[in-house]
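In the two complexes that follow, chain A is the common piece, with chain B as its partner first and chain C second.
For the complex of A and B:
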């Protein structure tokens, strides 16, 4: 029997961390005002009050709707958001003319947190998202390609990644990032075995069957299309990297990342040969001073960070406004200038911790969709942070991506908050005590159709070399689940989730996703602390999903 | 699926690590060069927004910083104006800085290593760091007298203390008002810059140290020193008849008769005699002697200075011309003042300097200049003979206009008129015993007929005025 891990809710920790983080951000705001104007602005307490209220509201909703969610994610994210607000406010003050982007960004923060709360309320179980992989895929691709449309799409700063709806402009790629991660995750859950096993072996690489390869090729081509038509190196890298990484996680074949890296390098090299803007980016990276005017932005960013030095000039005391687009792409340079190498490193570490919490969730998750989703969301986030901060600090060629939660821009903020909400839902379900799963087992015992279907599936040969060492995750029943859940086990998709309809007596097929509903699913009041041992019928280690396999 | 996720986590960790390491490495490797980049506006603006220390002459600031109400908070002003511009230089937002403002930029702005502790204290107490002040060696009376005597003439005056090398006066005319360039009204600054650069009289160039001119007959002091070194005596007879330069048709005419002593030839400034003497001594001996006086070095590090020159490649007739300060021989007024100073200082050339001391805002002395020896030009015996010869020039010769009753003055006139096209350059170099001072006066545009007397008529009275101001 595997060791049972019972996660604590840790909401108190979250609250303390949130208060500390908000304290840092508010201190930053005060520091900026004092350093620039010598006094606090008239609406200082309004701004602070709104920011704190929004944070606390989100915390209360997490407490209510996802009490077992990861306690670090939201405080970290909200701290970054606060830093971003303070920095944008500072850049507002630093211009020749007082600007008001910070107010707008605070409004967007409110909207984003509203979206965040909405996701927590509406999405009780993230596995609902698993049902329409192709639809999701199409939707994601459509969103991604929207800037190429004639009327609403437009080009800004050399990249065609914007759409304009009335007075507002958005970067749809931010939303597409989430939709496509969900789409990949659900698609790969379905296809991972055929992708991993069927097909020919070529040059030491297991190639899938052509028909399974289709979506992969489509993805590669769309990455190239983004690169070519939208001239957006960053987004192209992001989606391709995401897809390759998820393929790897799903199939466990190291050949995918190798092949993917080679394809990307090949594509990037061809892009470098063919497209002027790629060459520009590369030369700006390697030798920015060769062309002062063309690389003015990256040079100014470098000057700023050098000027800031180890501990920075102090918030409000540097000259970050000299760098063009300091509120957007180059906000990391602005932070590096005023908070110094030390401050920038702290921010990078915050990003690193967010990524690690997400990947930890992926490790702890019990079924493949959650694993893939959490891993995908975390990795695409990591990749984005790596690309933009790496670009600004001249580790990589510059790619026009937003700095999540920090840089100015509504679409990025909304999308990233939605992503964190999604991760919180996943972590909540992963960390929740597993007793909830026990009730449906009984109902499943009466579900004869399901029981018959399973043994034939179980006969399917499947090498599982790696699962033995991960009893907690227990991937072994996956083949069953993969087929059973979307097709057979949920005759009434969607409805199973809702608290109102998830009563045990509602539909017998509440067996599916409804199994996770804790309040109604515990007829026996089993002790949450010993979920697995309490079940005498268990035989396989970690087999705590009686839904899909009847011993 | 956990193994690939762990690997992905490892990759994500590597990416984070790469960002962190890169930030550190950038800081360590790139910071200095980026901050030293002249185009880095953050650095230049910060320098501009600092409470810069004053440049002092005596107890008066000739360049100081006052508070301003604009974004820079401080405005550099120049109470010394045109008079001290060749020394202070300018401190401009658009055009950088020059002279003392440039060479002592770090100290004035408070960024010098010697002010590290002051910066730390300012940081700890929250006070705005204040730059150090630079105390010059200049004497306000001498400076004013020199400028007044020079008037509207184009030229330069340098006066220094022979025994230390401390510069007492340094005037270059025409000059400019550094405030015009230091103004925060950038379009005004730009206009002033354009105007100054378009001016044919080159007001921005410091004629005292940064430009070299043919020294004319003042070079005969150096030739005399070489002759004494070669065994001549002040009363050695020289052939002063007209001299046909060997291998040419050029004849140097004479106004001195056929024969004079070396001392008398110098008093009368006999061209033919010194040309003949120069050829006899040889170019190497002349060059050697000139270099002993400081030719070929950039003598003044406090502000920009150029080296004076005695040509390397020179034939016999050219040597004859060089010996009377023609051909390609060229010197700065500062260099010629050093020649006079060496004669007065027993043959020892002191290193000239302009900055007496640097003091932090709390008046603590950060650095103090100690006089140092640059070269030995002649033996003290030869220097004593040269002294007598130069006294003779003022007592009985071309430099009589520099006579001051009660003060021993030695000097030498010079007029460079080699090309007969421009009006002659008039020179006068002199030294006095009490006050102990050496002066070089250079007038670029003597505005008088092309004769040999311009140095005595135009330049000598200016030297006299400077010496009298120092009494």
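For the complex of A and C:
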């Protein structure tokens, strides 16, 4: 008797956490209304009812489609989404005239959860995505570079990371991060052994071989292109960091992240020397107060968070509207102002837990693709949160990335929900009990397993396989088949002259020479010296493709 | 509302938010090591609760399914092996069925028992897994009427 560890389903836990999280978000919404207007809005119960119904619908689908999925991921992202809705509603109220972006955001939440449900229903096995690494890579790069196109791409607040189709604008980087993560994961599954080969040794670190530097150079140049032409450090950092980190996960060689960091710092330094807009960003980061007009947004964000202090002003009682774009880039500053450091830290901890659950899935996963995919998705999520909250709090130069699940914006919400759905599919498959199938060697040495002595093939006909009606048996050398074609089965010594078309394979000479030999079960191809009558190939005469390559 | 109520609600909200975070931490803690299962003599996993259920219902479902894998072609022709709850096929040492075949990947495929009989899943092999000469990409049912081909080895499932 041994012991094996199996994960529980834990859907009940998920429901409890979801209800708690939704309760917090609804409490935030109610507090905003009470603190600003002194009463609940007329459509309060409608809004709350919709929000709760969407969350419960997604929970039911997880129960049905991915019962072993991680119990924390969905409740946490839905709680963040609720905080985002409450804060957007609060910013709607705070302006000089009432706006309605919270309603729009709730609509986008419904659409995103519909996409989330669709991914859970359509994608039974994430390993299907493994098939086309290069196509996925090209598609991902095309999506990423879309904002550079002349008509649809446009520049907004200094960064060219948007495309506009009719009335809708969209940040393609959000979608590209999923596609490229899948592409990198499937590529690295194939290439990790080669990329792990050590080259020269320098300062105690095995450097990669120079010939293996191609992929990282390609990614470096693309990330520099994003930095220079799209003028966005965050997006550039996101994709290069993602690739370097996945290289590290795949190869387990510390030389890759060291090399990647050096390359990125070098590229960013050259960009800083050469391009004015990079210098503007850096000066806004290091000395925002030197130029009040240019850095108005970041300065207002700083004042807001300072005003909030440790416990914040309370929902609806601060003045986050003074910061331009508080609903998008600076929603973290708005939350920091009204919930204080205590609230913002709790939100960052929630982000951290989402990332941690993803990385834990990667650790639990057994196949390399699931491992790399889970690690890549969680890391790109972590990097995005780090880049935007780091930018708002002036740890890093400010970037135009969205705060996942919290900030206003449909494309970001849809893409992030799709990403969480993909991660849930991975966690479901990873945490599913595998029973004996995945446990170490135990059956072959066991006494219920036995090797049955196979009689000498020359002496006795091969035991007839019980293939039933499978197509393979059609060409088996069954006795009745040989009776039906006596010319093939009992050839004359001059068999080469006989018509041998009845034989399934082999050349005429080979068939004539081999037909009177005992049959063999080995599918040795169309070797004329071998007996070919027992070959189970279904190929046409003269077609010498081996069995295992047939479609 | 009075200032005192506003302050109390603000602090209450933050306290509940952190309580939520603590609950999250507790879920992580209880999830960390999963649940331990005893393995029975055949090496199959049986959670204690399900063992009890099976005793109540009898073990009919297990008897019905043909559960012996037989290699019908290949170097290990004639080898039979009980499928149990499922096996993994490949060349790695942790596979239950280690095939002596040059066209088999390290972890090639696995056969898993489901409620409706056995299914075959490809584990990202190089040369593919074929059921009835069709390359599979998703879980495919594998019954007595089907032939499984991995590399140059053919397998069927029998009673």
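In this text, the second predicted complex is superposed on the first by the 413 of 551 C-alpha atoms of A that agree within 3 Å, B and C clash if a C-alpha of one lies under 4 Å from a C-alpha of the other, contacts with A are read in each partner's own complex, and residues count from 1 in each chain.
Heads up, the rule we're going with is that a residue touches a chain if its C-beta (ideal position, glycine included) is under 8 Å from a C-beta of that chain, and two chains touch if they have at least 3 such contacts.
The shown structure was predicted, so the numbers you read here are calculated from the model rather than taken from an experiment.
When both complexes are overlaid on chain A, the residue A:386 reaches chain B alone and has no touch with chain C. Once the two complexes are laid over each other on the shared chain, residue contacts for A:245 go to chain B alone; chain C is not touched. When the shared chain is aligned, no partner comes close enough to touch A:260: not chain B, not chain C.
After overlaying the two complexes on the shared chain, residue contacts for A:55 are found with neither chain B nor chain C. Contact with chain C, but none with chain B, is seen for A:433 once the two complexes are overlaid on the shared chain. Touching more residues of chain A than its counterpart among chain B and chain C is C.
By the touch criterion defined above, A:17 reaches chain C but does not reach chain B. In the superposition on chain A, A:34 makes contact with chain C only, not with chain B. Applying the stated contact rule after C-alpha superposition, one finds that A:349 touches each of chain B and chain C.
Of the two partner chains placed by superposition, only chain B is touched by A:304; chain C is not.
The intersection of chain A residues touching chain B with those touching chain C, taken from the two complexes, comprises 349, 356, 368, 466, 469-470.
Across the interface of their complex, chain C is touched by residues 1-8, 10, 13, 17, 20-21, 23-24, 27-28, 31, 34-35, 38, 71-72, 76, 79, 124-125, 127-128, 130-131, 189, 311-312, 314-315, 317, 339-340, 342-343, 346, 349-350, 353, 356-357, 367-369, 433-444, 446, 448-454, 463, 465-472, 521, 523, 536, 547-548, 550-551 of chain A.
Listed in rising order, the residues of chain A touching chain B in the complex are 245, 248-250, 252, 292, 302-307, 309-310, 318-319, 322, 336, 341, 344-345, 348-349, 351-352, 355-356, 359-360, 362-363, 368, 371-372, 375, 378-379, 382-383, 385-386, 389-390, 393-395, 466, 469-470, 473, 475. The residues of chain C lying in touch with chain A in their complex are 1, 6-7, 9-11, 13-14, 16-18, 20-21, 23-24, 27-28, 31, 33-45, 47, 72-73, 76-82, 84-88, 93-98, 103, 107, 110-113, 121-124, 127, 132-133, 135, 137-139, 144-147, 149, 151-152, 154, 156, 158.
Residues 1-9, 12-13, 15-16, 18-20, 22-24, 26-27, 30-31, 34-35, 37, 39-43, 45-46 of chain B are the ones that touch chain A when the two sit in their complex.
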